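Two complexes, one shared chain (chain A), two partners (chain B, chain C).
Take a look at the complex of A and B:
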């Protein structure tokens, strides 16, 4: 794949609206995981998550997730300096899972318990594709429009598909990202699977007991590098390659040897023409479940060699934001390369000896790299690795 | 980027009327554990791969378009909580609440280890998955793929969508796939070629979410025809996405009138007769190819909100002269 330039970033995260708040939060190792206020948690083992603070812009008639997506996409387009007229040919690819389910659940709860409930307009935004329709319509994006659902790797997958469209010359630019609001279904499901830690998650720690949920949205503008240069756009970095693979193994469990994960990482490196030794940092999927962290480490060892790269988990600070995770972590990886600062893994006290990598505990570390990857893995064995190159 | 021609080498469609067929295509564990829509999807995938005689060898990609995902299981999951509180929540049902559950179970069933994509869109999801799949084969990103879709819309959901103005489509349920691979690969395998996908494009028309647009200029149709290297005069017939949503169907007619003018090839739709579901797109593409003869067929779909897909299809062994530089070059080399 021909590299594509990253020329705009937009984020709504548990640290608030905007890329600046997000970077300040993760680079300082702050924790945004707190008691849940959005939904009833009575009777569940875990009652915490990283919620986006109040003040998300947009009409209350729109779902929470639609508003987060719109705010992040708008910031990314403005950041890239893309005028309205240029947007008519721009592709929009959104990774999503929960759609507007938070509002739909509230209606369904009331309808079931009270026997009837007025149908809110927000019901039309129940499905994941709502975000793309809302963002595309509001921002005048007229190119290819897609909503991809690959569970927890959806946000990363959206960047990969958008990069294809730009690299193949189908469109001159694309905006891609992921979004998910906290939902009852997601909260109840992961509780039922006993995958949630009652206290804030501790990726790669020997004492880790599961993940924490989060919510948010992130979008990036991807552009043909020549086009970006000719209009003197600020280039944050390049998306140099990606790998998307399937485990074809189990609906919820990853392949025990991390075979599909390793294949995704190798495919990204091969596509970018980058040797494993040229990669300095991995923004890990790092959910803090016993299984994921060990298997991801196994896969990284197979690709890079033991201890050969720095590794950290953004989820230790903002929880697992589901479909938004891959996009938020892509933004984190781009900013890591740009700022020459690796965000830490928060609350990492005692590294699990089976991990075998320096997971940057507690505090960010100043290091400059040319290349970094971001891993995202989802239910169904859906693995996505994005390879980023530092801006020249 | 390579520039392969894309062959259709298999098709498999199952629905509520073919439950006997579905059960013969599943093993005991799948029949016991999978939800109905996942069973349909696995069965349709196996049917298509069987017809293509394709051994996945691990590098098969999978693209599943869906409007609703496994909404039946999602409602059952939620009802478990509403009846029994936290202890009523089923961990077994939870993975089915994510829309990629049909892709996940099918990938496992047919050992598809290349990328696996679930694409969610109103009423054009199956066509979008086929267009995306064809583009990936053409560019050389994937060797072969199963592309199509699956849906099982619960009556309560369909009723609710109608009540809030989301369209009055005639809905069906089922799953369907075509097998797409490079023409070169299909010829090397000596498999029967059912047709070719010669041009694809998908774009967003200006429209409000769930609304009907006012404009009738279609960039998707123009782009798909351009990719195929043909003009509107080469289109022998059109399969539309008409399925009973009067406003949207009318919009689609206007888009086609403008895009193909002054030519007005005959138009047909399978959605009204069979009931629209995302798997139907596979049957539409395969049928369009079978009926194309020496001309080309256009498979077109447009959704409320503006998502539009155009797929240009050629029949098996079409000998008509086309102006496509790609096709002309290949003939010259041959």
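Take a look at the complex of A and C:
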């Protein structure tokens, strides 16, 4: 794959709306994981998550996830300076899982428990494909439109597909990202799986007890580098390659040796023509489950060698934002390279000796790199690694 | 905002969000009715009304509570313009 330029960023995160709030939050090691307000958590073992604060733009008739997607996509297009006329050929790729499930659940509960006959409007936006419909129609995006659903790697997969469309010359530019709102089914399901830590998650810590959920949306504008240069666009960095693999191992557990994860990382490096030694930082999947962190570390060791790269987990600050995670963390990785500042892993007190990498505890670190990768691994072993190069 | 200005905005919404032919929008009057099946109406169906309600909330910054019966307000451009004008006047 030819490299593609990243020329626009947009974010709605648990730190609020906007890329600025997101970067300030994660680069200062702040924690946005708090008691849940959106849904009733009475009786559950874990009762916290990283919610997006009030004030998301858009009509309340839209689903929460649609509003987050719309706000983030709008910011990215405005940031890139893509005028209405240029959007006619632009591709839109969205990573999604929950769709409008939060509102659908509320509708169903009202109908079955309260005996009321609520307005069925909520159901029009229940599918994951709703986000692409809403964003595409509202922002006038007329090119190819796809929704990627690969659990927790959906957001990263969307960037990979969009990069192909641009690199292959199918479209001059694409907007790609991911979105997920907190939902009851996700919260209760992960509680039932005993994968949620009752206190804010602690990736890579030997005391870690599971993940924290989060929500949000992020979009990036990907563009042919020549096109970006000729219109004098601001280039944040380049998406230089990606790797996508499947474990074909288990419905939830990753392969114990991280074989599929390692293949995804190697494939990304190979596609970008980048040697492992040229990569300085890994924005890890880093969910803080016992299994993921240990196995991801094993896979990183196989690819980069013992302790050879800096590693941190954005999820320590914004939780696991599901289908948005790969996109939010892609933005974090691009900004890490650009600002020469590695966001930390918050609350990392005692590094699990099995990890074996410097996981940048507590405070951000000033370091400049040419390349960094972002890992996203979905349930069922759906692995995506994105490789980014610093802007020339 | 005056009811007349609201009416003009509604015509714009009809073209940009509900994809009505601009020529059709020109012919609209305050008396034109909205719901499909009503005499002389522009024929909005239930999905059109959802899109229209979203557009109104985002354009005028008001929240229309579904707990109340909104149907009388969405009868014609006259009723809807007056309703929105009264809601924005209080803002």
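Here are some notes:
Methods note: the second predicted complex is superposed on the first by the 389 of 392 C-alpha atoms of A that agree within 3 Å, B and C clash if a C-alpha of one lies under 4 Å from a C-alpha of the other, contacts with A are read in each partner's own complex, and residues count from 1 in each chain.
FYI, contacts are C-beta pairs under 8 Å (C-beta built on N, C-alpha and C of every residue); 3 or more make two chains touch, one makes a residue touch a chain.
Given the structure is predicted, the values throughout are model-derived calculations rather than measurements.
With chain A as the common reference, chain B sits beside chain C without any clash. Of the two partner chains placed around the shared chain by superposition, chain B is the only one that A:192 touches, whereas chain C remains out of contact. By the touch criterion defined above, A:250 reaches chain B but does not reach chain C.
Of the two partners chain B and chain C, more residues of chain A are touched by B.
Residue contacts after overlaying the shared chain place A:145 against chain B, while chain C stays out of touching range. Of the two partner chains placed around the shared chain by superposition, chain B and chain C are both touched by A:124. Draw one line from the C-alpha centre of chain A to that of chain B and another to that of chain C; the angle between them is 70°, to the nearest 10. Legend: residue contacts after superposition of the two complexes on their common chain; A:58 is shown touching chain C, with no touch to chain B. The overlay of the two complexes leaves chain B and chain C separated by a minimum Cα distance of 6 Å.
Touching of chain A by both chain B and chain C, each in its own complex, is seen for residues 119, 121, 124. On chain B, the positions that touch chain A within their shared complex are 1, 58, 62, 67-69, 74, 77-79, 81-82, 85-87, 89-91, 94-95, 97-101, 103-105, 107-108, 110-122, 128, 132, 135-136, 139, 141, 160-161, 163-166, 201-210, 219, 305-307. Listed in rising order, the residues of chain A touching chain C in the complex are 58-62, 119, 121, 124. Residue ranges on chain C touching chain A, taken from their complex, read 47, 50, 53-55, 57-58, 63, 66.
Across the complex, chain A meets chain B through its residues 42-44, 92, 96-97, 105, 108-109, 112-113, 119, 121, 123-125, 127-130, 133-134, 136-137, 140-151, 157, 161, 164, 167-168, 184-185, 188-194, 244-252, 260, 263, 378-382.
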